[in-house]
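Letters A, B, C and D mark the chains in the order given here, with residues in each chain numbered from 1 onward.
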């Protein structure tokens, strides 16, 4: 049965199951996620990871599109400043998304919904912690339709 | 079936249709045979008319119908992979459902002007698609028309579509000749080599025929010049055009050439009429 | 002829809104536009014309008209367009009302657009004569009478100061007049004289305007000649290629059709589109209108030549919105003047 | 005739005649008092039609991008704000400044025809003349004089750069403004609003959008060959009138000129539905100023644009260990 339910119906259910999109840099954070997995650390299944070559590959378009199409939170994870595989990529990420995060807050989006984290390949632990915290804070915010496309139907 | 479709009220609402078979013509062209879910063809039409095919949620695109109106069992569309809708269509399997609405536009004057006349068909590449509908219609009403010459060219032998028709079926019909040509010589091709416009001149055909032309814009342009050089008048030549269309019913406002809408007043134009229109196609 | 006293207007709107959805020119952040009225809204019937044209009422910026679903691998279409609610628009100007009759020529010609037809038949248009026409008005060049609303009008109205005169022009208009019987008052000789005086004054003001008698005869005899005219290149040089003129225009009606959804579930909508946009005619294999000059030409050729050839009227009502809104002061008046050899 | 207009026509004639430039970008006057429109001329006979008045609001620097593809050398008239955009286009590598001759026009402020209209002064109006803050309305009935800036465009009231920052020929004396405007009061006002109120405010503003893209097309710095919103293949083009699509467009539009916006206010001026777009741009400018040093890229073309560079020790709001006072 591939019938899809109106998302309204989902959010009105008692159980709010947030969806979090994590853009992870291939060299550090994605490896960090791997490490979290192989170390059997728990991180929520609500996190959907999208691998990007570098955190600075992420365009603000991606972030907004994710919110439109069902994400309750978006997180960009990259190497620590100074450790970028391409030397300087994440320095640009830092400037760009500092401004972008401010802009989102300015138009009324909660800080908790959009985050940047620096997670190295060795920080499986941090990966799990960050994701769990993110889920926690999104859960606390509860369901919200900000930036969401009203026509969007989440697949069941 | 748990479907509660409403009655179709507006011309923009498609009907459901099923892909009955897919015939690979070339590397990027396939012919899709489309029927209603209950079997049979979606609607009647005349040769040269078009239909809008919907692939939700990609969108709609307009295609000329390539099967003959005399064919009662299905509609056929020869479609080249070139945009988002066609990409998606090419990835679909037999039995998949699509939307269809139509028929749209005018048609070749098979019931009046063409009757009893000798006919010359000139096609390039995928441009054979709309003409094939006319040719097969004529083959099914063979006695009503005079001789038929078909000049058909493509880049290479592999790019010739409807090989069964052009190689076997049409050449066997009475008073029918098929002249094939390819742009560049290749091993194993014993036929003519050269562009369609120059082939028109080389063939030295009588110029009392009615010519029906379809192909890429440059072939149409040069083909018309060649026809005029061998003595055809513009009143004797018909062509079929294509522009971007969204509604198919002359309202969305983008397929016009001057004050004529290709979807409604076209796609078939007589060349002297076309000459009266602004050069924007 | 009836009349409604201005002190009764609120009550009139209240009564109408009990039976119909009521659109009024509402003021928000300094802009006035036709919007559904609720009690307490800031109504402004004195502003000559709304910032946006009221075409959105019969031709919405986005209209979802089809839903598609896949149930058990079967595709299923459902028609969802149109509008069943009956509605009244109060205070539309004669030019905007006339634009409805122009849009009719597009959408009500065969094959009739059912969604448009539904919206159109469900609406009653109360058209208010323009007591104070402005310098950007040139409706009279298109034969529209600012002092006497006729085209696209169900009820004609005039603001004579103390009251608004009310004259039903169609069956729909008469029906509504019947419903409002207890608010509408009879008129006397006094009001008729006031009306004549108002119409006279409107005509005098119109005669003072700079563009009352644009000569349209001089253009559009020969489509091909017009098309190949040299003026397009010159005029279009400053055009930015935005769509303001097309979207504020009451008669521009080009639309796009797009799908929204995923995995064969979703909806299809049509939405306003503009011939000024570079992707308007872009196809997989090319674009017949590659430059802004060609797109610019298309817009004005459509309004002044193609539409006239096909429908017998110009696709312009002279409302002057494009004149006010164009960021670079390019507009149809300049085009007409230039085509007419200045 | 206005002194500056005379000078303008002279210099245009002179530079065209002596071959210093091939074409001139300027303004001509239409039939109506408010109608000064951009033109490209190459005929010396047309120089006498050039005009400078209080309605030459259009920034001509964006036309340089297309015109420089067709012409070798161009003369262009630029006001203060226009010259900022010009410099930014040079920084963005969109135009070759070597091939441009700039005629600078110190600008006392441009008049908003809508304000004139709302004040009821448009009836029978033939001409408006402005000298400094003195505005003269010449009507069929007579002449009215006003002193002050009540008819200026809102954007001009916030002007911080009335004089061109770059020019070869300056056509009049510099304008002095004594009233130092506070630069970001409107931004601070929104920042102080509660989060939900902010969201509602912006959603309401964005929902007015009719997607005419005038804000984008008028912007001197929105100069991509194909905008992402026109590029079907980019997957973000949607013409649907849905809240989320408007939010998407406006956030991305503002952000795409981050670090390049010169705050000329043209986007807000042309918006037919009155969305206060400059408040988005100014928020970004304010943040850049605070975080990465004063945002004066537009006057110094040697400096890297703030988002085209970085410092190793930039403020890092994402590093937990350094998270401090700033929210």
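Heads up, the rule we're going with is that a residue touches a chain if its C-beta (ideal position, glycine included) is under 8 Å from a C-beta of that chain, and two chains touch if they have at least 3 such contacts.
Owing to the predicted nature of the structure, the values given are computational and were not obtained by experimental measurement.
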Response to the item:
Min distance from chain CA centroid to global CA centroid: chain C
Discussion item. Among the chains here, which has the CA centroid at the largest distance from chain A's centroid?
Written reply: B
Worksheet entry | Comparison of A-C and A-D by number of C-beta pairs in contact, larger one | A-D
Worksheet item: Just how far, in Å, is the C-alpha centre of chain C from the one of chain A?
Response: 45
Discussion item. Distance between chain A and chain D based on Cα centroids, please, to the nearest Å.
Written reply: 36
Practice prompt. Can you check how far apart chain B and chain D are, centre to centre, with Cα atoms defining each centre and the answer in Å?
Written response: 51
Worksheet item: How big is the gap, in whole Å, between where the Cα atoms of chain A centre and where those of chain B centre?
Response: 50
Response to the item:
Touching at least 2 other chains, the residues of chain A are 149, 151
Worksheet entry | For chain D, residues that touch 2 or more chains besides their own | 232, 240, 242
Discussion item. Can you work out from the touch definition every pair of chains that touches here?
Written reply: A-C, A-D, B-C, C-D
Discussion item. Using the touch definition from the top, list the residues of chain C that touch chain B in their complex.
Written reply: 65-66, 68, 70-79, 81, 106-107, 109, 111, 113-115, 223-224, 227-228, 253-266, 268, 270, 273, 275, 280-285, 288-289, 294, 298, 301-302, 305-307, 309-310
Discussion item. Per the contact definition, I'd like the list of chain C residues that touch chain A in the complex.
Written reply: 64, 69-73, 260-263, 265-267
Practice prompt. Provide the residue numbers of chain D that touch chain A in the complex, in ascending order.
Written response: 190-191, 195-203, 228, 236, 240, 242-245, 247-248, 251-252, 254-255, 258, 280, 283-284, 287-288, 291-292, 306-307, 310-312, 314-319, 327
Fill in: Of chain C, residues touching chain D in the complex
29-31, 51-52, 60-62, 134-135, 208, 210, 237-238, 240-244, 246-248, 256, 258, 260, 269, 271-274, 277-279, 282, 324-325, 327-330, 334, 337
Discussion item. Taking the touch rule as given, give the residues of chain A at its contact with chain D in the complex, in rising order.
Written reply: 60-61, 64-65, 67-68, 81-82, 88, 91-92, 94-111, 115-118, 146-151
